[in-house]
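Structures given as structure tokens follow.
Common to both upcoming complexes is chain A, partnered first by chain B, then by chain C.
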Partner chain A sequence: MPSISFEKVNKKFGDVSVVEDFSLHVEDGELLVLVGGSGSGKSTILRMVAGLESVTSGTIRIDDRDITHLAPRDRDVAMVFQDYALYPHLTVRDNLSLGLRLRRMPTAEINRRVAWAADMLRIESLLERKPKQLSGGQRQRVAMGRAMVREPLVFLFDEPLSNLDASLRARMRIEIGGLQRRLNTTTVYVTHDQVEAMTLGDRIVVLANGRIQQIGHPIELYRNPINRFVAGFIGTPPMNFVEGNLHRENDRVFFVSEGLRVQLPAERLPGSVPSKAMTLGIRPEDVTLADGKPTSGGAGAARLSGRVLLVERLGGTSHIHFDVGPHRLMAAVSGEDPPAVGDTVGIEVPSERVHLFAADGNALARAE
Partner chain B sequence: MRPVVRAGLYAALTLAALTFIYPFLWMASSTLKPPFEVGSLALIPHDLTFENYRIMWSRAPFGRALLNSVFVASTITASVLVLGSMTAYAMARLTFPGRRVLNAVTMGVLLVPGQLTLIPLYTLIVQLGWIDTYTALIVPYLFNATAILMLRQFFLQIPQSLIDSARMDGMGELRILFTIFWPLARPALAIVAIFTFMGSWNEVLWPLLVVRDQQLMTLPQLLTVFQLGGGAGTLGVSLAAAMVLVVPVVVAYMFLQRYFIESMAGAGVKG
Partner chain C sequence: MMQRPRPERSSMRAEQRSAWSLTAPYAAFLLAFAAYPVFFALALVFMHWDLVTPPSFAGGDNVRLLVTDARFGRAVLNTFVFLAIHLPLQIVTALGLALALNRRLAFRAFWRATFFLPVVISGAVVAILWNALYATDVGLINNLLAKLGGSPIPWLTDPSIAMPAIAVMVTWKNVGFYVIIYLAGLQYIPQSCREAIELDGATAWQRFRHLTLPMLLPQTILVVTLSTINGFQLFIEPYVMTGGGPLRRTYSVVLYMYTNAFSYQKMGYAATIGVALALIIGAVVAAQRRVIGTAEAA
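This part shows the complex of A and B:
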């Protein structure tokens, strides 16, 4: 199985730079997810690997072969498109086999591969149908089959699940993950959905404005986001952010904002703490509701007081939105008996779980 | 809808349809009538005769003219489809310097009335020594701006991902055009084919200018010459010649009717 490497890849459309200085190594058999909002450059990167978009500068290699300027057909990569891109006038069988026939593969081998892919994707009964006679999920499978029969060096997925409804998306997500592990083909998967990224990716690359924000294993990105963008992008529901300042009192350090004061464990901070504007981040699932009257301060957990604005019941968990001073925070709590709107509740913010971001958005390095 | 209203509606529609079809049916039946009966409005000939056709066929080379017309119209139609769709594909789907200019020029061509280019074109054909050749009948019509713009419009609606996918499957641009776009653009191609064929089939003025050899004349041209020259003699013979002209178009229409109606409906929706 091959690896893919990007070396200082840049892409400009006219004067607009869409991908800047992209360098990355995708390991053999890895499923790498590129995730980011619209305009982050994720699809452009994928299309550059496919050969559908030219590279302004830099090099892309598959194994040691420089593919930067090869035609799409000479790259030995296969792509699954967002809208499936099945040929509407051909049957499923012809859709699967067309690429192989164009490569003048012997008929027996074509039939073997089509049968293999159809069996693996459970679409044998659909082979003689036309795409418009298929459901969304079936079309998605055919699109994957078309990539599989090529037995390419690399799979590329361009938001393949975004046209499916929620339950089907969850099911197809599991199928794609399982399939990729069985085939063990190096895969680059583009999505804007961080849940897809978290559940599928061996590693995730978070992109914004054409630049890599952070690369890492899903849990690593969740636990140690490198900047505020990544912190806000990874994790559902999204992280709470509060603007404020750091204050030193004797040898203790506090994050202070209107109506909110959190003592930070000294070991959480680097040697020299700049005492300027900071952003505190706390994940909704790390916020807990406390019984009894709220108090302020404490070494282990900050206790705050908040007024409940909105309760979203999801069944097993509830999302509770509340005001703390001028700040709006959210807590994700389990249990079927959440507080009511208008209640004043005590909230605990465990100080070892908070994230701190400097004014430029970068996470404050931990002194671990 | 109440049955009475429905019946009334159908009666009115039938009447309207009859007013359109009657002259055609009358023409068809008159070709089968002897001269003294042609003036009658009846649709069923009293004395059925094929004499009009026999006279027509014996007085001028209508068989040859029919073949000429089929050859000229088919060649032009095939060329407009092939070259037109290639141009349309490039204009719709490829990026190259001058694409906008090409679009503007193609559009501009539509604004120039055909009568305006008739004389210069004729002079050119004379200079080239093409008078009295098939080349003179065919070459000026090999490209058609309307066809290019129509196909371009249709090609613009085909999703980019299909092209991407075809490229990754290993297709070149020509193969994408003929194996992916053509099957998808069948309705548009059919419309272009119908209009081009009919336009070429019914063309009289241009052949009259560049062809004088009776062996090279197209059917409408020969018919015109035949009638103006008094060759027909009787109305029945004239009508028989007109029948020969119109039947191939009617047959073609019957085969392509579905696309024809689709195009009219589509034109209505898109404006």
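This part shows the complex of A and C:
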């Protein structure tokens, strides 16, 4: 029953701190996704689990075993590398079996495992080929097979799909997810692609500058981002942000910015707010076009007027960019008849979908 | 469809013209200094020529002499003895040094330059230097041995030690060159492969055996081929250090060829030895490739 726990793990390269106070418990059988921008420390964390990078301070355990200072070969973890790291001089079969042969496993068992992995990944016909005779997707499968045959305690994936084209990436993403669920092996999966994170992760850890921003189930991060960074990172297309101020009029609260005024449900706001200056966030898929219909006024939805700048038609949905005063907003709308560039349209922002962030970037706690 | 009739052809012709004009100087050089001597040597095989009187036709005399010449046989055998020691020693030392110099090491550039230095020093100078090192009573090596309590070894005067001693010296002289080749090869082993095999459970020895060594196979083939060709042309060291002795045990094929040409003025026979040597080198290198090739496939 392998779980992984990080206790106050820190990593410095020289004087530069790249991972700070990283504490996390990965459950047995969980697929945990580490996501964050370039240089946020994702690979470093993964490589510390593998033993390829030393830990400056803190403890990493697999189950109850402290592995912080063990050699990589003694940790019983398998890693899938971004460039696959297949052994160029060995056939696919030997790539799969080398790790088992090095550990002096009986030949019959090696053959059984290789056959099992090859069958599962549908690479039986490739077993006698060398890596350079394989396509990107096939290499990807072999790299996964090499991790699978080891039957390790833990799988580590470092951006395994980033070298594949978009359609193959989507296919392999589904395969990896399915495979992980069948094998039920505890997995840490690093990516900078938030779609991968959302679709694959049992839980997601969002990192920025070596620090955990938020940990949670994908939908939780989508619904209740804890700060502006997470809000901007999770979800495609990214959330719209507008800088402005809070205004109280009698018992009503408004978010006000040039060309824009949104009444907020007062019950959603805490009694005292940390600052008057606020950032309002609204997801493009929550913004709707008003179609000239009368709106339910009051606190239900704010009605704005915007001028269409650009329409990106994706087929079923369209991304419509418009100017609202000095602000630029985007709406993701379905239907095949979007407005034309230059049109002035009515836009609705449902107030219960609005996110508010204080000047320090933290989300206002919402009383739900 | 756009029609693009002739430009391709004419541009190809222009390309060919410039290719020819660019290679012409080198081709002329090659013809004058390589092709001409080769054909001349081939012709000399069937001639008697003492450099003074005009050459005369010899028919199969030279070839017949060669196959029965025990001294030639001895020289070939000597050269094989040399290679049997030199080749493995060269591979092991070059690979070992390359692995050491590939690590993070203080003064790495200095060490690399140091090991390369003998490569660019003239072979005759190195031979004279090692003569001093190998000298039986006043040599540095025997001096050191004496300090360690050993008895002096007659490095260049004992018939069974002289050729191994020369092989060690040639290995020392050339090691820097082959280190460079191995160092270049080491750059091609991806860091992630080293990490993958470590996670796969390999010990340091297994990493070397299952990743580094097989990945360096192309470099090893190159080192074997070059040092074989180079070894068959062994000349300056026995010429300077031993004169082919003791008991002709360091007489190399090229030294024998040289002696025939310039001591005995038998240019025809010397050319015959040269052509035979070229054939032997070709056969040995081809055999090596076949052996290493099957090793690779396994």
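In this text, the second predicted complex is superposed on the first by the 360 of 368 C-alpha atoms of A that agree within 3 Å, B and C clash if a C-alpha of one lies under 4 Å from a C-alpha of the other, contacts with A are read in each partner's own complex, and residues count from 1 in each chain.
One rule holds in what follows: a residue touches a chain if its C-beta (ideal position, glycine included) is under 8 Å from a C-beta of that chain, and two chains touch if they have at least 3 such contacts.
This structure is a prediction, so every number in the text was calculated from the model and none was measured.
Annotation: superposed three-chain arrangement on chain A; chain B versus chain C shows a clash. Shared-chain residue A:Leu329: touches no atom of chain B or chain C. Residues 50-52, 71-73, 77-79, 81-85, 87-89, 98-99, 102-103, 146 of chain A lie in contact with chain B in one complex and with chain C in the other. Residues 159, 161-162, 164-171, 175, 180, 183-184 of chain B touch chain A in their complex. Contact residues on chain A toward chain C in their complex (touch as defined above): 50-52, 71-73, 75, 77-79, 81-90, 98-99, 102-103, 146, 150. Looking at the complex, you find that chain A touches chain B at residues 47, 50-52, 71-73, 77-79, 81-85, 87-89, 98-99, 102-103, 146. Note for the complex: chain C touches chain A at residues 190, 192-193, 195-203, 206, 210-211, 214-215, 217.
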